[in-house]
Amino acid sequence: MPELTASFSRDDVVYVAQLARLDLERGEVDLYAAQLASILDHVAAVTSLDTTDVPATAHPLELANVLRPDTPGPTLDRAEVLAQAPLVEGGRFRVPPILGEAP
Amino acid sequence: MTVDASGGARWEIVVGLEVHCELSTATKLFCSCPNAFGAEPNTNVCPVCLGLPGSLPVLNARAVEYAVRIGTALGSRVVPSVFHRKNYFYPDMPKDYQISQYDEPINVGGRVELADGSLIGIVRAHLEEDTGKTTHVGGGGRIHDADYSLVDYNRAGVPLVEIVSAPDIRSAEQARSYVNELRAILVATGASDGRMEEGSLRIDANVSVRPAGAGEYGTRCEVKNLNSLRSLGRAIDYEAARQIGIIEAGGAVVQETRHWNEDEGRTSPLRSKEEAFDYRYFTEPDLVPLAPPAEEVAAVAAGLGPMPAARRRRLGDLVAADGLPAPADQLATVVGLGLDDLVLAAVDDGADPRLALTRAANEAANRPSEARALDPVAFAELVKLEAAGRLSATQSKTVLAAMLEDGGEPQQIAARLGFEALGEAELGASIDAVLAAHPDEWARYRAGDAKVAQFLLGAVMRATRGRANGKAVAAALETRRT
Amino acid sequence: MSASAEARPAGAVETAAAVRSGARRARDVVAAALARIATYEGEIHCFNTVTGDAALVAANRIDAAVAAGHDPGPLAGVPIALKDNLCTRGVPTTAGSRILEGWLPPYDATVVGAVEAAGAVVVGKTNLDEFAMGSSTENSAFGPTHNPWDLNRVPGGSSGGSAAAVAAGFVPLALGSDTGGSVRQPASLCGVVGVKPTYGLVSRYGLIAFASSLDQVGPFAASVADAAALLDVVAGHDPADSTSLDVAPEPVASHLDDGVAGLRVGVISDFLVDASPSCVAAVREAAEVLAAAGAVVEEVAIPALMLGLSAYYLVAPAEASSNLARYDGVRYGLRVDGADVSRMNGRSRSAGFGPEVKRRIMLGTYVLSAGYYDAYYGQAQRVRTLVAHGFADAYERFDVLIGPTSPTVAFEIGAKTQDPLAMYLSDLYTIPTNLAGHPAMSVPFSLSAGLPVGVQVLAPALGEGPMFRAAAVIEHGADPGARGPIEPRSAGAAR
């Protein structure tokens, strides 16, 4: 895996664009690199703050154990769902060939 | 277990298994769509398991209970946990992230005791959602040559518990034994039906090798696409040999994920064109932490029946009360098929434990479903008849087969089949005839040759067409000798 | 019916009362709203979809219910507009993006069901910055919304369409969503009331997610009382949302006019440093209004709040990068074909997402990446705690806080689009509230060169009661000319 730099280089843009499945034109890469580097510089002020002994807030709430009963409920009408699909075949969603197995 | 490679070097195979187990809940992990096998594609779906914009997950209480059962059965610590998102793109993933548990799983630690007494450590067992199913069209149905693929999300969101073992497994056989034991445990908890063939149990194997006695682990490869116990064993042996071959040739094993090809009998590297997956785990913001209250965990533990290892021990102790050990393979068979309750009930009713175990393991095990439905009192009656010498071993097996086929009472079946015990007089006459026909053997037996007793016994059994009771014949021979 | 000046609607509470009593027909109310929309919508572009036919059908049902003596609901007959990131079954829901253009959700968001059950009549889906990312509604794939106070200016964002719809008198009520200020800031720029409720008070089920731990659905209205009425309808526990608070909230509307005698009010001094003079002046005047009504008002410094912007622009894009992964061309939305599925994903997403969304996805992906998680995302979550602590300390001494909503009044369309950072600064005073999960609201107060200036009231979690009481008092002391609804004005007309 390429080493990410701390200032959003061109290579970083190429890497994250690939991870995020965003096709970028060559010219766009440089533009985004400049913009993202500038944003990162601005917000990176936080990285130098001393947060020792400060717990993270994953959530503003203090909830825990939110559960639901194991009771079947309504499902969607398949026709309504598939009507919104770009391409279907035999009741399934059709996609171009998948290269590589799932992790 | 070490393998003799060429040149006489000795190697140790090190295997860790990741087993994904589908839970038998009524609904999916995060929505109330039915958790059912075999429905028409994309009919058990809703906004949540389809990952539609705006949808949100809500955790299934029973899935949590089952996860606690599994953790308890494995001897894990059930601890507070959180959910994480594992981010990657794949068409069978409706959200292009999987909700799973990363570094704070619900069950930590544990171990599995195999039938032979060896212990395999458990690292963790956590909850996660299953993906949809893809079918590949064209190119023989395999992913690499397909023209396109079709996705069904009925399975997306089904609850899974992933059980990660420590790298304590040392052979293909032990791996199979581990999976069998784990499956028996999962079925015993009621949390899963454990059927590999139906996909409710899926296995990935991490395989590495090292010189026997070495302290450090070798580089491991993950092997996927193991659809049966046979594949598991073959793949481990293949992969270990492959790695040993590389090292002995002076190379280094590359850490990679490999696919087991059952037809070709080999593993090959997965053709994933992209980067090594950077999953970017972060705490799932749409869910809140899970902390099963101690009383509830205790209640689950108390409600669990004994696990297979305990059941083997319980039955084994009963049988070994006569001073001899209980045959381990018979215990494994009987417990593995869920027939130990039958044996225990028969013993309760007065049947001899060792004989009951033997009949259950050797005969009843041939028809496990019918055996599980056997009336224990009838089974006990049969064992008692045989133990008393009223039925020979052969006759007893025949009656049992009839009971498994059509039910019924052993006495009546024996009568119907004409299996009456040989009267003393008739037995005596048969023995006399046999001894008369084999004077040399009889002489040797009278002189103290114990081995020829077997021959004489066999001859009597043949002459009486199996109706004689072996012990009675031996006793009668002994009486005549003296 | 005159085409040039369709009557501005009466407020929501008033309208509902009239419809419930039979004094007005819902059908007439809705027809008038639709006529006004037809007249002015071309200049403003509040809506991506106007659901005129369905609205009239719904209105007829309300009238039938009234005639039959059934309870038509507390918002009977009130026209309402919904931000186009709220799922409405069978009605296009775009999230302001090409990637969802034409998508028809097969289900309704919980809040949509709630407002319809209350008798409100949905007249359309309002424009927004794409996936709620923006502060001006200029990031919409379908063109910007124009500020009714000056059509050359932005209405704010991301809920610009909803804010403008209330400001222009199209509807008395609207729903938006607020992740970093996206209800409050456009409310301030459009001279209407906008509320971000306590996190978890209003269901997110059916709200197209931007940043899950920050998003909340919030009401827009022309008055504090109307906003309270709408909040009371949408607030409450939803079992379909695991982050929904399991509370039966006390209705806010019932204690609105209890006044502020003895209420301890803190003026956030840190927020007054970089805000424009008119925005600062509005806060100081509002403080005096509160003091005159019996509140105890003091300045308070909460320096931790100024860390909020940076933390937000790490946390929000990170969550967004994950939330937006599902738009992959497989199951719904735009698909641009490719030789294999990954290429199809890449082409579809590139064609479907605008530049701001792409920027935030890339930024978010980066901060979650292996090796960077702890320094950026992990750190930002810790800074979040510092912000929460800052508020907590302040709320030991104060019941509510006030400050500017926005650093400026509405700026011209195009003025900030070249510099993402400049745009981000619009949310400086609203972001900390989202990080802490607290409620806050904007109340129109004054005009600056004819453009509205709002004042922000902040409260601790579940502090909607005192927050609304303070807002009501501020509203009483505000310039009545500073709030909508108004007739839409071209550039310069306001001055």
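Each chain carries a letter (A, B and C) given by its place in the written order, and its residues are counted from 1.
In the analysis below, a contact is a pair of C-beta atoms (placed from the backbone, for glycine too) under 8 Å apart; a residue touches a chain by one contact, two chains touch by 3 or more.
Since the structure is predicted, the reported quantities are computational estimates derived from the model, not experimental observations.
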Pair exhibiting more inter-chain C-beta contacts, B-C or A-B: A-B
Innermost chain, where centres are averages of C-alpha coordinates: A
Rounded Å distance, chain A centre to chain C centre (Cα mean): 24
Chain B and chain C: spacing of chain centres that average the CA atoms, whole Å: 57
Rounded Å distance between chain A and chain B, as computed from the means of their C-alpha atoms: 40
Contacts with two or more other chains, residues of chain A listed in rising order: 1, 19, 21, 58-59, 61, 63, 66, 68, 76, 81, 93, 95-99
Chain B residues counted as touching two or more neighbouring chains: 47, 50, 58-59, 89, 91, 149, 151, 273-274, 278, 280, 285, 287-288
For chain C, residues contacting two or more additional chains: 103, 106-107, 213, 239, 242-243, 321, 325, 328, 330-332, 341-342, 345, 365, 369-370
Sites on chain B touched by chain C in the complex: 47, 50-59, 85, 87, 89, 91, 94-97, 149, 151, 273-274, 278, 280-282, 285-288
Contact set on chain A toward chain C in their complex: 1, 3-4, 8, 12-13, 16-17, 19-24, 32, 35-36, 38-40, 42-47, 49, 51, 54-61, 63, 66, 68, 76-77, 80-81, 83-87, 93, 95-99
Of all residues in chain B, those that touch chain A in their complex: 25-27, 31-34, 40-47, 50, 58-64, 80, 82, 88-92, 131, 134-136, 143-144, 146-153, 224, 257, 259, 270-278, 280, 283, 285, 287-292
Touch list for chain C against partner chain B, complex: 85-87, 93, 95, 100, 103, 105-107, 109, 204-209, 211-213, 239-243, 318-319, 321-322, 325-328, 330-332, 341-342, 345, 365, 368-370, 373, 377
Touch list for chain A against partner chain B, complex: 1, 15, 18-19, 21, 58-59, 61, 63-76, 78, 81-82, 89-103
